[in-house]
Amino acid sequence: MNKNFQEMFAKAKQEKRGSLIGFATGMDPNYKTSKKILIEMSKHCGAVEVGIPFNTSTSDSSTIMDANMRAIKAGANTEKIFKLIKEVKSKIKNNVPFLIMTYMNPVYRYSIKKFAKKCKTSNVDGLIIVDSNNNSPEDKELSKELKKINVAYVKLVAPTNNEAFIKETLKKCSSWIYVVSYAGLTGSKQVNLGNVKKISKLIRKNSKIPIGVGFGIRTKSDVSKVIKIADATIVGSGIVDIVGKNAKNHNLTKKIGSYLKNLKKGLNK
Amino acid sequence: MNKNFQEMFAKAKQEKRGSLIGFATGMDPNYKTSKKILIEMSKHCGAVEVGIPFNTSTSDSSTIMDANMRAIKAGANTEKIFKLIKEVKSKIKNNVPFLIMTYMNPVYRYSIKKFAKKCKTSNVDGLIIVDSNNNSPEDKELSKELKKINVAYVKLVAPTNNEAFIKETLKKCSSWIYVVSYAGLTGSKQVNLGNVKKISKLIRKNSKIPIGVGFGIRTKSDVSKVIKIADATIVGSGIVDIVGKNAKNHNLTKKIGSYLKNLKKGLNK
Amino acid sequence: MKIPPFKEINPPKNGYWINPKTKETYGGQYISPLLIPNLQKVEKCFEKAIKDKKFMRELEEKLLTFIGVNTPLLRSKELEEIAGGQKKVGKIYLKRTDLHHDSSHKPVNSFSSCYMAKHIFKAKKIICETGASMHSRSVAAACAMLEMDCEVHIGAVDAEKVSLNKDISELYGAKIVVVHESTKSLLPAMASALRSWQSNPDAMYVVGSVAGPSPYPRMVRTWASVIGRIAKQQFKQITGKVPSTLFCVCGGGSNLMSMAYPLLKDKTEIFAVESAGEGIPTGRHGATILGGSKMGILLGFKSKVVMKSAQIAESLTEASGLDFAAVGPEVAYLHDIRRIKFRSTTDMEAKKTFLMCCEKLGIVPAIEACYVINAALKEIKKRKNPRENHLIHLCGSGESNVNRMIKFKRENE
Amino acid sequence: MKIPPFKEINPPKNGYWINPKTKETYGGQYISPLLIPNLQKVEKCFEKAIKDKKFMRELEEKLLTFIGVNTPLLRSKELEEIAGGQKKVGKIYLKRTDLHHDSSHKPVNSFSSCYMAKHIFKAKKIICETGASMHSRSVAAACAMLEMDCEVHIGAVDAEKVSLNKDISELYGAKIVVVHESTKSLLPAMASALRSWQSNPDAMYVVGSVAGPSPYPRMVRTWASVIGRIAKQQFKQITGKVPSTLFCVCGGGSNLMSMAYPLLKDKTEIFAVESAGEGIPTGRHGATILGGSKMGILLGFKSKVVMKSAQIAESLTEASGLDFAAVGPEVAYLHDIRRIKFRSTTDMEAKKTFLMCCEKLGIVPAIEACYVINAALKEIKKRKNPRENHLIHLCGSGESNVNRMIKFKRENE
């Protein structure tokens, strides 16, 4: 397990609370502001998830799609997002783990080996690839590479998946597992607690890996409900919405800060 | 042969000139004006041809089509045109022969027998049916009926017809024969003298019937050229044009009068 | 695939069909003497063509591969359902001439006539009129392929209504003459085409329905009957029998005759469907037979015509292809001797049928075909005979009607 | 008519085609885990379907009578003439899938997929994307007939360009989702459709080309290959041989695979034609293979993709149906093992070819088909082999392009 994540979950356990993982698209709305946003997020979140935008994403709601397009317009590419994370991590004082969230194409085009190495040298702690199929040659190579260097490979499971699939996924998954709370797109619906319970049970039956729940978590009350079941919760569209609406507002980071502060109140077990 | 036509051709011969036959659509632009027009025409023409308008005519140029539509709009029908001719003939002092020019449908719908009788009682001297085929049962009946009552059945021959057709036509034709001067619509092109000579020769070879030439005759010079070959010439679009352009002008009849007076100067052999 | 050979069932005499009871004559050649030689030439060429084996073989090859005349018969369980279920009303088949090149039954006659014009008449130019522009579209296509000039006469109202087909005719290279006279629809367009022929006697005129002066009605139904000959063969292969009923829409009657002709001597009950427009009693309709037509003479032929005194009456219907105040002479004859029965459908019924066909059958029919589908369903429902096999002529595809119909759909939802 | 049976020539292994030399893999299933069960279900249903004799018999019956899949091969002496004359270049045949119901090759796959969705997958709703709206139109038709809901994703640019086809999809009852993202064309529309499927896992997704996650590329080419199986049989009947060359346009590759698949083991030289847009060197084009694509992963599959760093590049072409920055995985594989050669045609050449086809052939081709006709003529001219028999896939009819093309004609005359 990646050390920073290990510490994050241990500390949370100690404090009898769950962890908040915040997501933002890297370089949205631009490099400089994104840097400020990520630093602000690192102050409030247990971990920070940074998206490498992909213009042909198949799982993002229009909120995230818009963020992707803003970032691409601002010149975002894989290299620059690595640089951004590295710079942010050197600026922050804590050990908040950083993840990259993206699709397989940017990784594949960068070269899987090089990408894994670059994670290490950029102080990236984990990787989420939304469209990585357990059985693809790329997934196999990637999980092997990440394991070598102790970068967490966080995999997704969804309400439509059966136990066989979950078992297979668990084999590759490291540090924690990402549970999608409903059948749909990021931020497009309300969190479905029934789903979450059902999948969590199947996971618990097969593993002790911490569970993070994402999709549809926007309010303190969402966080609070989810944290009763899971170890962490991922908030994405809620943050990206603020960025989208306040891209030129100098209070942007403050707004994100207070949004996250409020969410944190829901973290207690 | 119809007596009035006989006289017309005889007198013209005596005077070493051809005959001018004027055409106007009956009731164009309305009953009253049409009556004045026809009376005026009877003063200058050797014979007057009155059209019973048909809205689906297949041989008229747009000039005559427009006249047809104006007349129909003014309430023209077969009955009224007969009445119009009868009234005009009772008003004029000379024996100028009047012809009806129309398509088979108005005749057929009126009933062929009734139509022929009505010609007689309305003082109509002749009939031209543009689309009457020599071999149709209607044509046979009609020519029989007209012969009985000495109303001229004036038939058309065209530049595309061969001698056999002309012979067949001559059998039914009475008083005079109508030579179409070119392949086309009334008033749509210039008179074609070559055609006229060619057909006239074929007719002369087979008959002594007077020849009238129509289609494309508008000026004194047209008249003059045609009259060198034929016995009569028919002027239609030239007159109808004046009606169309001056329908509301109180000088209309005067204009027609002076137009015809000028044409007449071309009648000398 | 071989096209079943043509057999003349119902030959006209000297250009006329004659009712044996009343002695009424239908057809003929009522036209300026100027065109008589042309008509004689067309007739001679036609007689020569149908006897010329090489010509016929090449023509049929083109009909099969260019027009795609071997279209399927579609069993429509959906329509059976709407009519009350197969167990109550029997089976319903659709003849899919909507799948022809240029999307209607028209190209079979248009192409054959143009092919004859090129190879036997030796014309360099074709003149035609059009209503729904289905005919002009297919004449223009034939002229393009055969390297002939093409002149199309279309009423101004129709030019608007079916602009897609008109534009396609233009893409094929046709010269479009828009006719602004009288009703600005099919009838004055045909008069205009005939007038143009008088000015261009070297051209050949190609009529789009079983109308016009002799020999057109006979020639058109002979060419078009390829459709019915194939359909009859297909129907027998599928059901073992000829159809119990045949339903076709009737403007001039070309799609009707294309299907009905080879079945005239069979037991099939034949229904022709006219456009009742806003309803026959309103007087605003396109129904010739059911709308109180009388015998009349126009556009070169004698037949049933809707008239207002001696003038041809306005025909009023949503369907440009049905906007014709007369029927072909052989159709009138077959009606008068009671071989063909007539039914009608209003514009509103047809428009609803259009939407129904889209939504339930997955077919965009030509609006003309919606009149027949509607009337067929009414008749089939009424007959309630589970042993019957019905045949409906789906005589065209409705791309050209989409603009108007999508507006209708949006306004009515 | 019986459709020649399917024989699997080129089966993928675990969803991948593998280049034996380079070991490169093509295909796969790169998609959110949420959809994995759906894809497994689609695959199972597909395996079941092709083994289910009754299902296949009924499906083929519908393909024959509803889609009209038995379209003719047209010998085009006109094209031979343009290429230099039969005596110099051999014979040219056109496969007329423009005569299908809904006017393109697309309905064969669309209908088959929907039929499977209805009877085996038991879906109540279909989701699809579309470019030229040929796919959506035929999916919507199938859904209408099969009483299923239909949701169509279309790029905003395409919705404008091919509004006729879009309107027809709507008349069939489809719900149209206009996609305003990224290039507003086929690619984001497909992404949008896949996203919608994630939200509606009970629906079935029906892709319009040989693309998407496994099993779609294989399933689509299997359904579509009905076209090529019939064409191969027809070609042999007419010429006694398989074609010397086959020319198909290539957007995603469905019309290419529909024809090429049954000929892969034959001696036929196969050419795929891409849109060179304003010219490949300008970077403004739709040519995936010839435009310098690299292996990439998008929309659930791995194949050749045109990219700008890791982002999918804009594809730019007049033809909505070719506006796709990738080719299907089996197509990329067949290119890489050198079984299929690639050629290209610019938008300007294609537009001129459109007018030429209208004026010389009497055919209104889909603009997509004009790219292949143009490239085929160039290649055939160059080969100068009078003993060859060429086959060109005329994969669609261009009613939907008439609006834009008549403007082009008028501007250029």
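For this structure, a couple of remarks:
Chains: A, B, C and D, in written order; residue numbering restarts at 1 for each.
We adopt the following convention: contacts are C-beta pairs under 8 Å (C-beta built on N, C-alpha and C of every residue); 3 or more make two chains touch, one makes a residue touch a chain.
None of the values given here were measured: they were computed from a predicted structure.
Taking the definition of touch as given, a chain qualifies here only if it contacts subunit A and subunit B alike; none does.
Each chain gets a centre from the mean of its Cα atoms; for subunit A and subunit D, those two points are 38 Å apart. Here the CA centre of subunit B is 67 Å from the CA centre of subunit D. Judged by the touch criterion defined above, the protein chains link up one after another in an open path, with no loop closing it. Chains touching one another, given as pairs, are A-D, B-C, C-D.
Put simply, subunit A touches subunit D in their complex at residues 52, 54-62, 65, 69, 72, 77-78, 103-106, 108-110, 130-133, 135-138, 155-162, 165, 169, 180, 183-185, 188-189. Subunit D contributes residues 14, 25, 28-38, 181-182, 187-188, 191, 194-195, 198-201, 294-300, 302, 305, 307, 309-312 to its touches with subunit A in the complex. Note for the complex: subunit C touches subunit D at residues 64-66, 68, 70-75, 78, 96, 98-101, 140-146, 164, 167-168, 170-173, 355, 358-364, 399, 402-403, 405-406, 409.
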